[in-house]
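What follows is chain A paired twice: with chain B in the first complex and chain C in the second.
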Partner chain A sequence: MSVGVRTTSPRDLTDLASLTCGYSGPIAFIAGGTDLIIKQSGMDWPGLVVDLTRLSEIGAIRVSDTMAEIGAATSLTAVAAHPVLNRELPVLTQAAAQVGSVQIRNRATIGGNLASAVPAGDLLPVLKCLDCRVEIRRRDGSVQRKGFDELVVGQAKTSLANGDLIARIAIPLRHGPNRASAFAKIGLREVLTIARLNLAAVADFDREARRINDIRLVAGAIGPVPLRLDTVETVLRGRVVGQQLADDALQALVAVVDNTIRGRRSRPYKRRAIAGLGLDLLQGLFGRAFEPPHEMRFPA
Partner chain B sequence: MSHISNPLPILDGAEKVTGRLRYLDDMQFEGMAHAQLVFSTLAHGRIIALDTARAMAVPGVLAVFHHGNTPDNRYNSTIWFEEQEAPEDERMFPQVVRHVGDRVAAVVAETPRIARRAAGLIRVEYDILPAVIDPALALDGSAGPDGLAEEVRFDYGDTDRAFEAADLIVDTTVSTPRTHHGAIENHSCVAIPQPDGRILLHSPCQSVHAVQVVCARALGVPASQVRAVMSPIGGSFGGKAEPVLEPLCAHFALALNRPVGLSFDRGETFTATRTRSGARGRVRTAVTGDGRILARQTDVVSDIGAYCTGGHFLPGSMSQRLCRLYDVESQRFRGRAALTNTVPSGAYRGYGSPQIHAISEINLDLTARRLGMDPVAFRLKNLIDPYAVDPVTGGDIGNARIRECAQEGAARFGWQQRRDRDRSTGRLRRGIGMACATHINGCFPGFHEATTATLAVRNDGRLDLTCALHDLGCGSNTVLAQIIAEVLQVAPADVVFSAVDTDICDYDLGTRASRMTYICGEAVRRTSESLKAVLRSTASLEFNCETTDLCFDSGQVICAGQGREMTYSELAAHAARRHLFLTATETYRATANPGSFAAHFAEVEVDTLTGVARVVDYLAAHDLGRSINRQLVSGQIHGGIQMGIGFGLLEDIGLDPDTGKMKGDRFSRYHMVNAPEMPKVEIVLVERSEPTGPFGAKAVGELATIPVAPAIVNAVNDALNTELTCLPLAPERIAEAAR
Partner chain C sequence: MTPKDLPHLPPSEPAFAGFRGTAAPCLTLTVNGREHSVVADPTDRLSLVLRDCLGLAGLKQGCLEGECGACTVLVDGEPVNSCLILVFQVQGRSITTVEGLEAPDGTLSPLQKAFVEHGAVQCGYCTPGMVMAAQGLLNRNPSPDEREIRHALGGNLCRCTGFQGIVDAILSQAAQ
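Coming up: the complex of A and B.
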């Protein structure tokens, strides 16, 4: 770090508040450092860098009957490997396991991924899909809670004020045999790739009747912020999984691309690719109940 | 014991993987100032005003350099010996910038940070000039007369008649991308003025002699005024073959009379050094119904970017490859190098070979398909035989074993079984493809294909090798140490390599043209034999025996008849008393240029919806004469495949057709193949020994990447029954074709 930068390593959240409440300059938080180190290397920056690695309060995962609470400084490796999250929220652990590479996941944190708010961030559509609530510690020590849409307001843009720290991410849990969730992503490579398109879904799925009682579907990397796919949800809701449903779902997904990025050069590709992604997602959600079509009938 | 073919680990490997080796950018030099360049944001423009006042006012700024206060000596950064002639269109800072990333100015300051900040304060005003991004437009005359840097034609046999007689003519146009080398270490240089007025350059380079002569031309001084020393290099692949930073850095240091360092970051290395030239080639192949190639017509345009550099060699280099792989009775070739307002091209693993092989091997595969023939059988009908004569140069191609590569490779890959499998019509489809390739061994009969090496016994019994050997990280010094060890019966680690320094080493052409093992290897083998003769004659005096009574083992000379032995260091001590010194110097000038050959086989799985192709299985069969170090051979082949998959499927710097700006100027937008993407690779070595190579060895390093892209493209076309010819096969292109 350069000469103009001050750094501090608070031991707990109280300590943090006492360090930041009287500070009026710009504040940056560093946990994994996978973004900040690259951005700040060699730059003059006259602010305070707060190291979060000693704050054990925000570095752990707590799961209760109704809620998963993930500390913002939890590494993506820890999220991906958490056995209860794996069982309850596969959409989250699958996405966490596909961010960057092993080295990046060992350092990068869930809070950092959310705070970056970049459109291609893998966890963004997932956290929106899971209807998370974000606990924010303000500079004066007060606590604020925001929903995903209140927090992520634009491309790489959040509503966080200077000194606001994402402390925890709370995700409501819904139990029962019907729950299903999945994540799918297209990148150029298997690892260390930035998503060109991704999908997250949570469903209430009656396995016996093979019926989708309810579903939430969110797409990432298609607009400045993750996009809830209401039109596709409507097509899927209440339907029985099968060939006809797959065809209709793919039609609806293609229509989403057509409507969302109408003038873009990437449209012809993404409208085809989203069909492949949709198939991956349906297979992830419904497993053996969903058989991919033998002959591809690609929507016109 | 024999040191040949041993899988000896790379000699400086431990130092590298433990992070103890210091690269140039890690080093501190006393009193060093730091330079930061300012780059053109326009593809073509005349600088009409340059406001440096705000930059000069920053405390710690020492100087600002630009076209108005630097030498206007014209040079070409590709030359490697003093009298070499090449189009001289470069200067340190041009007034007319020719590409986005061209050099506008430089700030030299006390720290890199100050230099960077001040560089951001320089304001440039341009007269915008029309820019030519498309090489076809550069050649059609509309952009002025300067678009053509070089044209090469050849014509042998009666091509017209063969085309009339043909049963089938297959006409294909293939284009290949501009790509970035992606060496781990970015470009870097340090220049230090010497007390005697000379300038010392530390540079991670491929030839200190090239650095010396290029800097001398740029500075307008005799080469003797420039001393170049190679610093440890973190990869090059051709990217550091041409001195880009060195002339500038030398001038800054001399002007300020203090050491100056200049290091590029990744973005600068992308946009302001060199790339692989782009190519667009049309091939028409005339065949008989039973698959005999009668004739071929090839027309290739290479996009060499804004400055000539070595681009004028490309058409000739490409033409040569077309005559050394298949036995074709008549061929017509036209190759042109086009200057465009884009980042310059330069050396890049294979120097035109990956491009021309992609063009010709994709065409041959489509020809086999239209003939209804197996691609392997079709190639076997036409591949060249050992010692065939290259119809253009008249030289022979050596012990060429491409047929064995194709046959043994196909058998081991299970080519036939894989071909006979049922084809899926679903979303994921598999396909197989293969390609053959050849590459050269050195520059013979071209300029200055020579190396001088000196080998001497040290007091401690180890051997001093003095030679300008530029190991670019692939372990060539390890291979040379094995060759010396084999001749002189010492341990490879007992060979001590001299600094690569123009003040110490005799002339060497540098690491290029796949010449390290074949040329430098033969040079050190001959030098070792000479030293062995010196040891033999000296020992016969000491032991008072016939030279034929002596043998060599474990660093000792042994006279079996007398039951006496002496270590090389003891012998050296005895010899010194007679004023004899155990040293030998040899200059080796190449007399041949055999081909190295390879046949590569790939299986791919293509997602017809997302357009993503993955290479799932791979086999590389190589004729390399004989391997000196199997582990390093395997490493070269793996690395070549990694690079070739990128060339075929992913990599493209993405020049904007209007602005000439590079879209893929960072690794988040320029995807190379990483370890999890690599297929399982099987290697088949065809080791039939090349008589002119050291212990029968030929090159492998550049060749390893040449057949990869066409083998993969052919596999994708097999999977989808398509005729994709525009590389790389990015998901967009595959998805579109699969529609």
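Coming up: the complex of A and C.
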């Protein structure tokens, strides 16, 4: 029984600030609850439990010409189904659509995924890859902005102080015929699976010349925080898509696993997994330009 | 068996929300179209309050971790795991449990009848959750195909039927 615990569902951020401003005790924000309720099971709740699901100011998606702004309390169902995000940022909507089950996605929020910062979080490599800026509201109502790497600083560890609220996640948009992005994940089964490994990519791809002008690649669940794959990007940048490129890319991906998780038991599995995922990712990114006969030639 | 004897609740999880002394406040929930006042700890799981305070024992608390789907109910028409919602979060929302599908005289809904007719029920433990996940799908997509049905049931486990009867039951309800 949680004696002395106050629970509240503020309707707007002004309400929230007036609650938290003069309060110095511990606060638990709860959005979808899909991480927090399991973590809290059998433990006492802190003095103030704040439900975020009624805060319409942080529960919607706004897209302008240059920016997508996603409220932290937006459900992953809403992210996955958003038609403009589907067109502009398939890497994001594909990742959201693969989290948990229908029931989980109806509750789980993008802000909760980010704030939990667990290595297997599917949105983490995506948000790093997309170079997001995170708007944070502090207890006193002041606003801070942080890049992904300033926010997610370790395994399940953020730089948020207790009472800091993630309000919005801003993602810059790049338009034009060359943009491409994709997400690939591997787990034990198709749904309800925590990623054993995932990859997010955005590229500038000249479809006519089949040339990769530029690419950013981030892997998740391979270390405490998402890992930018600079070495693989270097192999891909400026190259024309084809079997040789596929072979070189997979070789570079396997080398990443060899170097990052050298002594770990999961290494033999992750070496193979990353090669298969890499192939899925290239197919997702380059579509018809990357159709079979490209095959997975597993690097030694 | 009393709720206290239920083996699946972790020992520190209060088993019976109804008997909580005077400190527990009164909450208002809208369940199956009716408003109910319940005395419960606001940080109790919705699944616990529905079962133990309101006697809606159709839904089951299987895993309490979002994995099995036996606790599935609809909130504002969408399927969710009621074990992963704190009861105070859904005051004023419209909650539907499996009991809310049948007519006032107890006649089963067409979807529920289809479960019976297609052999989709064996031990019945998963059934209320399955039915609500299916109802949630049909609310959104009145004519799902088999692939869409299987995808929508990804969060619901059944140890008995092998799933085919369940899929057939839902397919029979898909609008032509």
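Some observations on this one:
The rule we apply is simple: the second predicted complex is superposed on the first by the 291 of 300 C-alpha atoms of A that agree within 3 Å, B and C clash if a C-alpha of one lies under 4 Å from a C-alpha of the other, contacts with A are read in each partner's own complex, and residues count from 1 in each chain.
Keep this in mind: a contact is a pair of C-beta atoms (placed from the backbone, for glycine too) under 8 Å apart; a residue touches a chain by one contact, two chains touch by 3 or more.
For clarity, every value in this text was computed on a predicted model and none was experimentally measured.
Clashing of chain B with chain C is the outcome of superposition onto chain A.
Of the two partner chains, chain B is the only one that A:P268 touches; chain C does not reach it.
Contact with chain C, but none with chain B, is seen for A:N106 once the two complexes are overlaid on the shared chain.
Contacts of A:V256 after superposition: neither chain B nor chain C is touched.
Looking at the shared chain after the overlay, A:V235 reaches neither chain B nor chain C.
Shared-chain residue A:D51: touches chain C; no touch with chain B. Once chain A of one complex is fitted onto chain A of the other, the partner contacts of A:L227 are absent, as it touches neither chain B nor chain C.
By the touch criterion defined above, A:L279 reaches chain B but does not reach chain C. In the superposition on chain A, A:S9 makes contact with chain C only, while chain B stays out of contact range. In this superposition on chain A, the options for chain B are 60-68, 186-194, 402-410 or 600-608, and chain C clashes with just 186-194. Once the two complexes are overlaid on chain A, the chain A residues touched by chain B in the first and by chain C in the second are 2, 42, 101, 190-192.
Residues of chain A that touch chain C in their complex: 1-3, 5, 7, 9, 30, 32-34, 37-38, 41-43, 45, 49, 51, 53, 77, 100-104, 106-107, 190-192.
Taken together, the chain C residues at the contact with chain A in this complex read 10-14, 20-21, 23-24, 41-43, 45, 64-67, 69, 72, 75, 78-81, 83-86, 88-89, 91, 133, 136-137, 151-152, 154-156. Within the complex, the chain A residues that touch chain B are 2, 42, 44, 101, 186, 188-194, 196, 266, 268-269, 272-273, 275-277, 279, 292, 294-296, 298.
Put simply, chain B touches chain A in their complex at residues 112-113, 116-117, 425-427, 607-612, 650, 668, 671, 673-674, 676-677, 730-732, 735-736, 739.
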